[in-house]
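Going by the order they are written in, the chains are A, B, C and D; count residues from 1 in each one.
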Amino acid sequence: MSSSIGKNLKISIFGESHGRSIGVVVDGLPAGIPIDREDILLDMARRRAGRKPGSTKRVEADIPEIQSGIYEDHTTGTPLCAVIKNGDPHSQDYAALAGKPRPSHADYTSLVKYGGLQDLRGGGHFSGRLTAPLVFAGAVARAYLKTQGVVCGSHIACIGGIWDAAFDPLNVDEKTLARLRKSDFPVLDAARGREMAERIEKARMNKDSLGGIDECAVVGLPAGIGDPMFDGMESKIAAILFGVPGVKGVEFGRGFAMANLRGSEANDAMEMRDGKPAFLSNNSGGILGGITSGAPLIVRTCFKPTASIAQEQSTVDMNTKEDCRIVIKGRHDSCITVRGLVAAEAAVMIAVADAMLEGSKRI
Amino acid sequence: MSSSIGKNLKISIFGESHGRSIGVVVDGLPAGIPIDREDILLDMARRRAGRKPGSTKRVEADIPEIQSGIYEDHTTGTPLCAVIKNGDPHSQDYAALAGKPRPSHADYTSLVKYGGLQDLRGGGHFSGRLTAPLVFAGAVARAYLKTQGVVCGSHIACIGGIWDAAFDPLNVDEKTLARLRKSDFPVLDAARGREMAERIEKARMNKDSLGGIDECAVVGLPAGIGDPMFDGMESKIAAILFGVPGVKGVEFGRGFAMANLRGSEANDAMEMRDGKPAFLSNNSGGILGGITSGAPLIVRTCFKPTASIAQEQSTVDMNTKEDCRIVIKGRHDSCITVRGLVAAEAAVMIAVADAMLEGSKRI
Amino acid sequence: MSSSIGKNLKISIFGESHGRSIGVVVDGLPAGIPIDREDILLDMARRRAGRKPGSTKRVEADIPEIQSGIYEDHTTGTPLCAVIKNGDPHSQDYAALAGKPRPSHADYTSLVKYGGLQDLRGGGHFSGRLTAPLVFAGAVARAYLKTQGVVCGSHIACIGGIWDAAFDPLNVDEKTLARLRKSDFPVLDAARGREMAERIEKARMNKDSLGGIDECAVVGLPAGIGDPMFDGMESKIAAILFGVPGVKGVEFGRGFAMANLRGSEANDAMEMRDGKPAFLSNNSGGILGGITSGAPLIVRTCFKPTASIAQEQSTVDMNTKEDCRIVIKGRHDSCITVRGLVAAEAAVMIAVADAMLEGSKRI
Amino acid sequence: MSSSIGKNLKISIFGESHGRSIGVVVDGLPAGIPIDREDILLDMARRRAGRKPGSTKRVEADIPEIQSGIYEDHTTGTPLCAVIKNGDPHSQDYAALAGKPRPSHADYTSLVKYGGLQDLRGGGHFSGRLTAPLVFAGAVARAYLKTQGVVCGSHIACIGGIWDAAFDPLNVDEKTLARLRKSDFPVLDAARGREMAERIEKARMNKDSLGGIDECAVVGLPAGIGDPMFDGMESKIAAILFGVPGVKGVEFGRGFAMANLRGSEANDAMEMRDGKPAFLSNNSGGILGGITSGAPLIVRTCFKPTASIAQEQSTVDMNTKEDCRIVIKGRHDSCITVRGLVAAEAAVMIAVADAMLEGSKRI
């Protein structure tokens, strides 16, 4: 098995980078969600290459062709399938690499697992291109979340050691989220954004790449969503996020910084505010015991540097069993965090929608 | 749903902290795994309170009573259930807290979700005590992994800002893992361990608690285990890890440090060694494209500081709708990382066993 | 995997006939279901041996000991585990049969699959005794269904060629269902019941056994429950029913008799009645397109004759690889349909509850 | 959720009768299965309308366009998606029926469930047309089964009360199965087949339809496939079969006839034959305790008469809340059993492949 996940909202992703098409089936959507095609295309465009600092020059229209599940601009309640045609592949770029695993790609592990039967041109099913159907599914989840008053947005938290300002975890502004969604290079602090872009450009000039972190917030979530233990929000979100190529770390709230905190600093005390329970801090990232607390849900995702770099690298020739050196040609992002942010946001929205679609747990 | 997970090896955990018993059903084990009761009790003892710096004084025997699935010291292939009796509860410690959510516990979210119908004494089903059946299931997974030549071990990587030495990701020694497993306070660098213990003791004296990070390694794994995207090793492992109470971050290989690396630093180049492909570095933590590479699998887990601290804290009274102050009595770890390490290790082993039990993906 | 099923209401059954205990974890129950212990014991008693024509003389108290998930007589919303101790095993009855598969039992297939590692005394995990935890889970599902105004009941439809009257599929009476539930030998036509009992007794005298069919009805179900295709009511119900030992056929509404009908006879026409759509017939058994129609749900289950008969039978000795003859000793029902009816009813209730606990499919 | 099923081989079906396309994602296939496009088209042709007695005149090419998962005529091991374009829809045939549920269709239940948001033209997602992607997935499963020496075939067992000869359950001939697969109207006894065809024609002349039963056999299966209880072969097969529109009953081996048998007649005794254990009868249909016995697996599926008949029928107008009479126009099979057989065979093959792809249950 591989590319299916979800309990109440189930997605099943298919396709290879250089095959006929890629796409996704989304099963479990309720009937009646208004679908705004332009809004979906906005997310597709955000993910698409060629617009942003550090993005590959490979440009594909990435128009999802909806096969089913939408009728008169609303979901029908039965499975929705979207197909995205592949085009513009430079397959010859990969011919020289056959049997020579590109370092830190899935080439080696895929060769071992599938015995060379995968179509590994462009990474095949392991390609970052497979995030296009994920982003589509996320955009559909966004349409559902909108009907529930829930909004999700992200900014680049760190690239190459340069840190953006952080979300205020108690008070994430919907307007800010909307602005970030429309930005090609979404940051809270524009000056830091320019520094990041410079670092990316410098890495590109050096035939190198950079890693980074994005920060995602979900606001408008009621308290009480999610279930204990393995169906908690963190588990659901992380399981999808780690399915995004290049993700090597996921943290909620203060995350790994918790290791340097005392309980008296980390605990989120409460008070009554306007007649309702409210939090004095949100180090927990809006999740306690796997269940939403009503405070903004905050999650950060770390992407490794793009594995495809233009420098010569050492690898092995699986056929001759000899060491060899390779140079990866083709068009590649210098920093996948920029576009990966859109995929990570999609992953979070799919997981949150899945949890919200759970039936009631109270008589 | 809540406390069930797994595809090939399915676990279903039940119980509340102050109820009759807690336990787990493990379904999907192959027949014929030799079960060494002493080895299982070793893991149960590692998790148990009362032995370690920073652990609660609540002491329970935690002897898993095996109901089914083992016959003549071998697994039968049908579901294994173990029940662990509860005892020694100080339920009166919780009476004063009814309706007053303890900060950063699941009390508030649970009250909202279940409408006060949970038995929240001691945290109920959300208690850290529920890691006992998880550790049992992990010990059974360990017995399976042993038949496949796979070994798993952990050390405390960081507590309160003090960092232990790190595993050498290319060369984790089975002997070291065995030694760590027998230690009450497993660290690679004993001096750092003593510093950590001092910090914990100091926090305890201040009625406070500390967060931390543990690092877990799995060695002996063949390449080719795991599946692309959402059934990748990272997704499987993280989904279980985030089900462990108190976990707020999970990272693989270099993890969040990837944000500060260039591709030329982060990529794991390869060479032929003794006629076999081998890695020159292991920043990927033994996983590429969700699939094991044959290098050691390295995962780090961040635990928040124990939420139960002895200081007075601000919260709300859900009944009177007023602010209030509470003091949490009872026995609590000053640093859950120490025992959480055993639960995290169990989570990793369960996920790895689940992946190894997948049927072949090649004709 | 083996003994776990369900999406919204998940059950995981464990145990062997002659092991320490058998039981079940029920995960996904909403909080707040009132649990009437006497009502659960009534179902356990209905299933228990020793009371009915054709039942084995093996008598076990079969008191489910609830470990978790119930607090102050209501479900908590977290997993419920019940353990039923085994007692009164006559293991020596099975010693002579080691390696000699009893005809039409799972002995042979289990030996092939698990290599002799199962504890096959009494059938091990394949024993009809494993229906006890299923019946317990069904009784809990019944408690949930009661809160939704849904009632389920069954009668013996046929034994040894003698047919009881059938339910009127448009008008199943709750009082009748209640009466059937309290009967040791539930039939609609008492005279036919006496004939059946005579046949069973005659079979027993001849060291033989009989097959049969039970008919189960669910009333009070709203229209709109269930999902298309593989999550339809028939699929959900059949998947659990065929997990009950001895079941070889499942049909809904007119079922196999549909093969002899014309569309003009089989179709369920509609009319307005008291301002609401109503059916003129219910050949569909209350399910159209996998979704409940609001008419009573009708399902029939066929049980094979008890495989354990007291006559000498031909089998093979798996150790000596020779033909042999065996006589099965021990206590066995002459007709498992009588008690199987209770298990089948439980299976239906679990599946119906699972479908009703699905989140809404409409915005 | 609705149209996804499977554990090791997961299928996710999408599409509506009159939408853009229908199709399926098949996830979990091992790499390296040779895919013979002609052999797949043979199954598609068998299912397609217009060739057979009793089939609708709606003719669509039904050419599955493979989007992914196949490379150089072999499966890659990653998800396979096939899309089948819709064409030739007579949507106007349905306009007159809006809000007037056709008797024994899913129109009423779908309206209640989804609030009229489904595209119900032609039955929408509930249409028998959705069996085309199921048959495609079945054909792919057949290609896998072929690599394991497993063959599956079916004949029409009964239509309108006329019974074909039955398979000899101990000795189903692969040649016969191959012949049946190539027949437009597959029966064992040609004379009975002609009688059935006459009955169908007569029903059609009377603007009526007929129900029927098909019988499916799987040969070459090793013993030991399948798992106890809810992952038994019967549960797996029935869950998919009941997802096929129009199926109202499923039975294995002697099935419902077991109700008239004594244990001494029903039990399958064993003997050694050519040094191996063998069965003297196969009333169990090749399954004991949910696990294959090595004897042919035999399953029968009952289809109701086509619900769409040309006669005037009574129904309700959901908008005006009044009784009304409707006449269903369009092109419809007089007996869906003929083509349903192909879908049922696909369902069986998918379930069997799923079970065979389970990892080993023995160390």
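As a convention for this text, contacts are C-beta pairs under 8 Å (C-beta built on N, C-alpha and C of every residue); 3 or more make two chains touch, one makes a residue touch a chain.
Please read these numbers as outputs of a predicted model, since none were measured by experiment.
Colleague: Rotation angle, chain A onto chain B: superpose the C-alpha atoms of these two copies and give the value as a multiple of 5 degrees.
Modeller: Rounded to the nearest 5 degrees, it is 180.
Colleague: What is the chain whose Cα centroid lies farthest from the Cα centroid of chain D?
Modeller: That would be chain B.
Colleague: Could you grab the centroid distance between chain C and chain D? Build each centroid from C-alpha atoms only and quote it in angstrom.
Modeller: The computed centroid separation for chain C versus chain D comes out at 26 Å.
Colleague: Please report how many Å separate the Cα centroid of chain B from that of chain D, as a whole number.
Modeller: About 45 Å separates the centre of chain B from that of chain D.
Colleague: With centres defined as the mean C-alpha position, give me the chain B-chain C separation in Å.
Modeller: Averaging C-alpha atoms per chain gives centres 38 Å apart.
Colleague: Scan chain C for residues touching two or more other chains and write them down.
Modeller: In chain C, the residues touching two or more other chains are 1-4, 7-8, 13, 31-32, 77-78, 113-115, 117, 125, 228, 358, 361-362.
Colleague: Using the touch definition up top, name the residues of chain A that touch chain D in the complex.
Modeller: Against chain D, the touching part of chain A is residues 1-4, 8, 10, 12-16, 19-23, 25, 27-28, 31-32, 65-69, 71, 74-81, 83, 113-115, 117-119, 124-125.
Colleague: Which residues, counting only chain C, touch chain D once they are in their complex?
Modeller: For chain C paired with chain D, touching residues are 1-5, 7, 13, 101, 103-106, 108-110, 112-115, 117, 125-126, 130, 158-161, 203, 206, 208-213, 223-224, 226-232, 234-236, 238-243, 245, 247-256, 258-272, 275, 277, 280, 283-285, 287-294, 302-309, 311, 313-316, 318, 321-323, 337, 358, 361-362.
Colleague: Enumerate the contact residues on chain D facing chain B in the complex.
Modeller: Of all residues in chain D, those touching chain B are 7-8, 30-33, 77-78, 144, 147, 228, 357-363.
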